[in-house]
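Dropping a structure here in structure tokens format, bear with me for questions.
All chains are identified by letter, namely A, B, C, D, E and F, in their written order; residue positions are counted from 1 within each chain.
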Amino acid sequence: MYKIKIILPVATDRYNESVYKEIKGFSLDPRFEFEVESLSHGPISIECEYDCAIASPHIINVAEQAETDGFHGVVVYCFDDPAVKACKEKLEIPVVGAGEAGVHYSTLLGKKFSVLMTIKNAITVTREMVENTVGPGHLASIRVVDIPVAKLDSSADKLFEALLASAKDAICQDHAEALVLGCTGMLGMAEKLQEEISSDIGAFIPVISPGATALHLVQSLVLLNYRHSGLTFMTPPDKIRK
Amino acid sequence: MYKIKIILPVATDRYNESVYKEIKGFSLDPRFEFEVESLSHGPISIECEYDCAIASPHIINVAEQAETDGFHGVVVYCFDDPAVKACKEKLEIPVVGAGEAGVHYSTLLGKKFSVLMTIKNAITVTREMVENTVGPGHLASIRVVDIPVAKLDSSADKLFEALLASAKDAICQDHAEALVLGCTGMLGMAEKLQEEISSDIGAFIPVISPGATALHLVQSLVLLNYRHSGLTFMTPPDKIRK
Amino acid sequence: MYKIKIILPVATDRYNESVYKEIKGFSLDPRFEFEVESLSHGPISIECEYDCAIASPHIINVAEQAETDGFHGVVVYCFDDPAVKACKEKLEIPVVGAGEAGVHYSTLLGKKFSVLMTIKNAITVTREMVENTVGPGHLASIRVVDIPVAKLDSSADKLFEALLASAKDAICQDHAEALVLGCTGMLGMAEKLQEEISSDIGAFIPVISPGATALHLVQSLVLLNYRHSGLTFMTPPDKIRK
Amino acid sequence: MYKIKIILPVATDRYNESVYKEIKGFSLDPRFEFEVESLSHGPISIECEYDCAIASPHIINVAEQAETDGFHGVVVYCFDDPAVKACKEKLEIPVVGAGEAGVHYSTLLGKKFSVLMTIKNAITVTREMVENTVGPGHLASIRVVDIPVAKLDSSADKLFEALLASAKDAICQDHAEALVLGCTGMLGMAEKLQEEISSDIGAFIPVISPGATALHLVQSLVLLNYRHSGLTFMTPPDKIRK
Amino acid sequence: MYKIKIILPVATDRYNESVYKEIKGFSLDPRFEFEVESLSHGPISIECEYDCAIASPHIINVAEQAETDGFHGVVVYCFDDPAVKACKEKLEIPVVGAGEAGVHYSTLLGKKFSVLMTIKNAITVTREMVENTVGPGHLASIRVVDIPVAKLDSSADKLFEALLASAKDAICQDHAEALVLGCTGMLGMAEKLQEEISSDIGAFIPVISPGATALHLVQSLVLLNYRHSGLTFMTPPDKIRK
Amino acid sequence: MYKIKIILPVATDRYNESVYKEIKGFSLDPRFEFEVESLSHGPISIECEYDCAIASPHIINVAEQAETDGFHGVVVYCFDDPAVKACKEKLEIPVVGAGEAGVHYSTLLGKKFSVLMTIKNAITVTREMVENTVGPGHLASIRVVDIPVAKLDSSADKLFEALLASAKDAICQDHAEALVLGCTGMLGMAEKLQEEISSDIGAFIPVISPGATALHLVQSLVLLNYRHSGLTFMTPPDKIRK
């Protein structure tokens, strides 16, 4: 049995159970088990570079402990990929960020895609992450629903309406051909949105759940004995870090 | 039980069994079964644009028949991705090319990667495929082992030596940080090469088997109910095609 | 006397005569003669990747025969450039696609250009062709008139109105500075549209006919003793192709 | 009869006759006649941005006079394209620079090409011209033969040897697949080099003469009633220019 | 005391005094003194490639004289950077163009910026200058206020209104995050516009004055003993330039 | 009197004095005073993404305190720009990273530049920083001297030799035209290296000290009343960050 650690990079365990429930719907491989863990310290949500920076050391702590505890892979369950590169440098098990996973699946399924984001603050970090991952040629736009992370779970209907409206604008105005949710906290939205927007547009529009793709990717890395390159992500040199 | 059709785009069934044996080592999901099929007509190997063009209609035939026969997904098992876009237009089940799959995994695992290719003739088609998939920023080089496809299975030792030499040159001279095999017919090479080159270099170097990644990707698409965008790959209009 | 084969990649000879008549207006070099040939098999029009793939082997057949018959150059007379790369690999006489020709002239004459396309299905193949030819920096937009190829010749007035409207949108909304017709079957349109749109906008707007530019380009290649590089387009290796 | 003005942007008429003789070998269209004119003032050769800047007003003068005199097109006969954009703004007849022409033909004939340049000083201006014309994806390298323009005509043998050596390096070390001469003053070299390098390499390597391609391009523009876009190259506003 | 020559590349001394007054507000370093000089010949304003070409030799003359006269640095005070590269080749003191300076500051302060330009004619030269300086990834748009340079100083109120409207459009429609004035002759506008647009938008929007940034940059180059690379900008070879 | 906080992002005050001494040689503006502060916690040097991530919250703390204390600007004195974006989001005074400053000056002074780096581990973070700052078109190479940060101050002679050797390789093999030190801890090297390498090569080669350029840039931002855009770097939303 392979074990995957899912790190929620937020200093609250309020989402742990609902995320665990969500991933049960991802048709994961029966040879794997998953454990969700949030942070003891840091921001209660990730919505900008400032949050990423503050959460990073705590994400690294959880990731390092997971490797020590014998986990076979780690997923940083946030679209902004906080501390993902640092974890890849330090760990010798596969580490996947939900952002990079979502971006790779989006590019595979559509030539141009849009990100449906929570609030404007995350646009800068997202744009850079996307362009560093697959170049500038695939991002049609980043559209925001203007609902902060902390309100996502109490606003399911409003969120769905806003996602649907943003999805239409992304397709009709920005020429997006696929969509990816810009936050792993938009629980229960991807499949429903995929169905509705595909029906509205009259063509199949994939709506990528970044968390789902990260979990499937990390499974395949473990099973195929792959992980990130030790030349791209060299082991940090020994030194005092106090 | 989900069924995946693996299309070998070559007009010989000489490789069917060995490919089927090879994929048994890919730790695939137990909920899936796989069927390997080659072409009745076309070139006996794919090594250039000319081969791709001649094989394409026959690949499409097999892919269309697979959809009719109730398969849940199709993999075109060749690094040059012949007819993959045409199949995506026509089919409403997931279609994955081994080339695009290998390129996405390589980019995920290393910032710069090299393709280890059979012969020079495939360089032009490969370069374009890589750049169209993830932009020009990730391709360190394409290096050839100078062994044609038809000789791959009878030259295992020579092939491995040539791959190892090319891998070293790619890393040391072209600054590659990850490697991907440029042909799905280099059976039994990826894992062994990954081990040896990592040991030689003193850092983990992922060596991607494009076929393995395509199969894992198509599985995840089926399980997550994703497929290519109907806006990027619109259904071909009805017309006489004689 | 030099002889050029113009391949209409459609399985109907319905357009042969009108295309031949059209090229009479291109002020071609008196030292050349031209022969128009369509396909015996394949789709009756080219409007997507699927059509390209199915037509390709038949295009190659005509092209190879043309070389055998002593023609001095070949033009694939379609904006999507089906099988053009394959033909370049196989032939040792100049081969020019109408798409690449139109794109080079457009880039030469305007910094940003738009393609005026028949129907949406061709957008993906066109976008990639343009970006592979001159990079992503020149394409302002692809706009469609929503008239399929098969209706082009019976809808001259409607087609012209639609082209004019698309041309204005391309210039005013997408900041195009030059235009290229996205189909070689829009007979008799380019010059008239160039006149009208230039007059409307109050500045000279070149409207490129891709077929006309391909014919002038192939003439110059023949006269200057140039053809495609044998390193970019290597001769396909001998093998069984059944 | 159409008339083309060939502007040699150098303040000496020493090359006029030899250039005129050279173009006789370009198999130009019998419906055209050509007139070669050099500058009354300016540098005696163009080898850097400084030379371009000093020659520019004098090039413009000759070009404006050519339009007044009823010429149908203008070619600025220098690979660095000095004043070409300024002339396009001012003139309403086609203007073609030998540099842009050579770059378009090179890109058409090979995916990657190298420029064979006179001396190092021209590298900066050339690199920018190439990248502005067809993007950064096609330039393999710029190699210099280290012979200044003024010595080109008295060093034919040395020049050929140096070109051949540079050509080999460009192909073998920089992976060039086509070549373009970086100076219109390398008279009588292109065809001979094409023959020799193709034979040496064992594959056809096009060696583009930028002047030849500019003349063929300008002919086709005149015959097809095309010229540069009035939106990219807007007419300069009236004002005092003393 | 260090001395900087500010070259106004216009054949009128009508702006010398007002520019000198303007730079007094730039908080320049007390160790420097500045001298403004315009051209004896050339166009009375720079608004297109044609103007740049005609002004260039006269700019070079002033720049060369400044070096001879013992100035420590030169600023070409125009957003289109006319003759800047030629001056860098010839001079061994720092040369800075107001355009490149403005573009570097804009990129530093905002990920995407728009240029607020005088009239449409300058768009082509500006677009190329920006992309050559920091790549294509930063330019959100170029918007024009449609007031020619010669009318700028007599239209202060109208200019400010037009800049403010363009600024809002650039931010709201083109997603600009920073702004740069596209002309050094928009005296007294930058600071006021920065204040007003920031207040309107509700976020700090830097409005870069290209002249101000060029002067600060050239000061730092002088103080740190830096100047442009002699390999990028090689000394022009000796030759007759009459 | 303006006050600038220089943050050394290392958990040791061992370098504070030598850095302060170094900046005395930067000919800074007499209207400014500077204060150097290192971190109480974090790694003792920054050499990879892992170090950046761990140091980031502590850098932010110092930066926020500096703003509270009335400083007018902040420089993060490290070439890898750790926490620079997070600080820009949070602070309303100018924040400049030594990395982005060095890259802008390098691009201004040379078309292609190389980074002379300490150890290999920093290559990935550096490459991404450079490409995000000025696009991929300017980076010739990153070369390492293979001396860790902690040994830099005790290895002055060895460091200089290694820098000189790397500089020559960067210029001769990678075609660099300017150089930038990849670490702000290479004290006393830039000017000396600039002199020696320029003399060796026979052309002026700027060798950028990133710290020096950051200090001059931040001065100009303060004096001109500029800072980063509030749209690129939006104020982090209020939330619990424990």
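By our rule, a contact is a pair of C-beta atoms (placed from the backbone, for glycine too) under 8 Å apart; a residue touches a chain by one contact, two chains touch by 3 or more.
In this text the structure is predicted, and so the values were computed from the model without any measurement.
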> Which chains make contact with chain C and with chain E at once?
Replying inline: A, D
>> Can you tell me which chain lies farthest from chain E, using the average of the Cα atoms as each chain's centre?
In response: B
>> Farthest chain from chain C, going by the mean of C-alpha atoms per chain?
In response: F
>> Can you compute the centre-to-centre distance for chain B and chain D, using the mean CA position of each chain? Integer Å is fine.
In response: 43
>> I'd like the Å distance between the centres of chain D and chain E, where a centre is the mean of that chain's Cα atoms.
In response: 31
> Hey, how far is the Cα centre of chain C from the one of chain D, in Å?
Replying inline: 27
>> Suppose each chain is reduced to the average of its Cα coordinates; what separation in Å results between chain B and chain E?
In response: 52
>> If a residue has to touch 2 or more other chains to count, which residues of chain D qualify?
In response: 111, 124, 131, 136-137, 232, 234
> Quick one: which chain pairs are touching?
Replying inline: A-B, A-C, A-E, A-F, B-C, B-D, B-F, C-D, C-E, D-E, D-F, E-F
>> Looking at the complex, which residues from chain C come into contact with chain E?
In response: 111, 137
> How about chain F: which of its residues touch chain E in the complex?
Replying inline: 26-27, 29-31, 92, 96, 100-101, 104-105, 107-112, 133-138, 171, 177-178, 191, 194, 198, 201, 203-206, 208-209, 212-213, 216-217, 219-221, 223-232, 234
> What residues on chain B touch chain D, complex-wise?
Replying inline: 124, 127, 131, 136
>> Quick check: in the complex, which residue numbers of chain C touch chain B?
In response: 11, 41-45, 47-54, 56-57, 60, 83, 85-86, 88-90, 119-121, 124-125, 128, 131-132, 148, 150, 232-237, 239-242
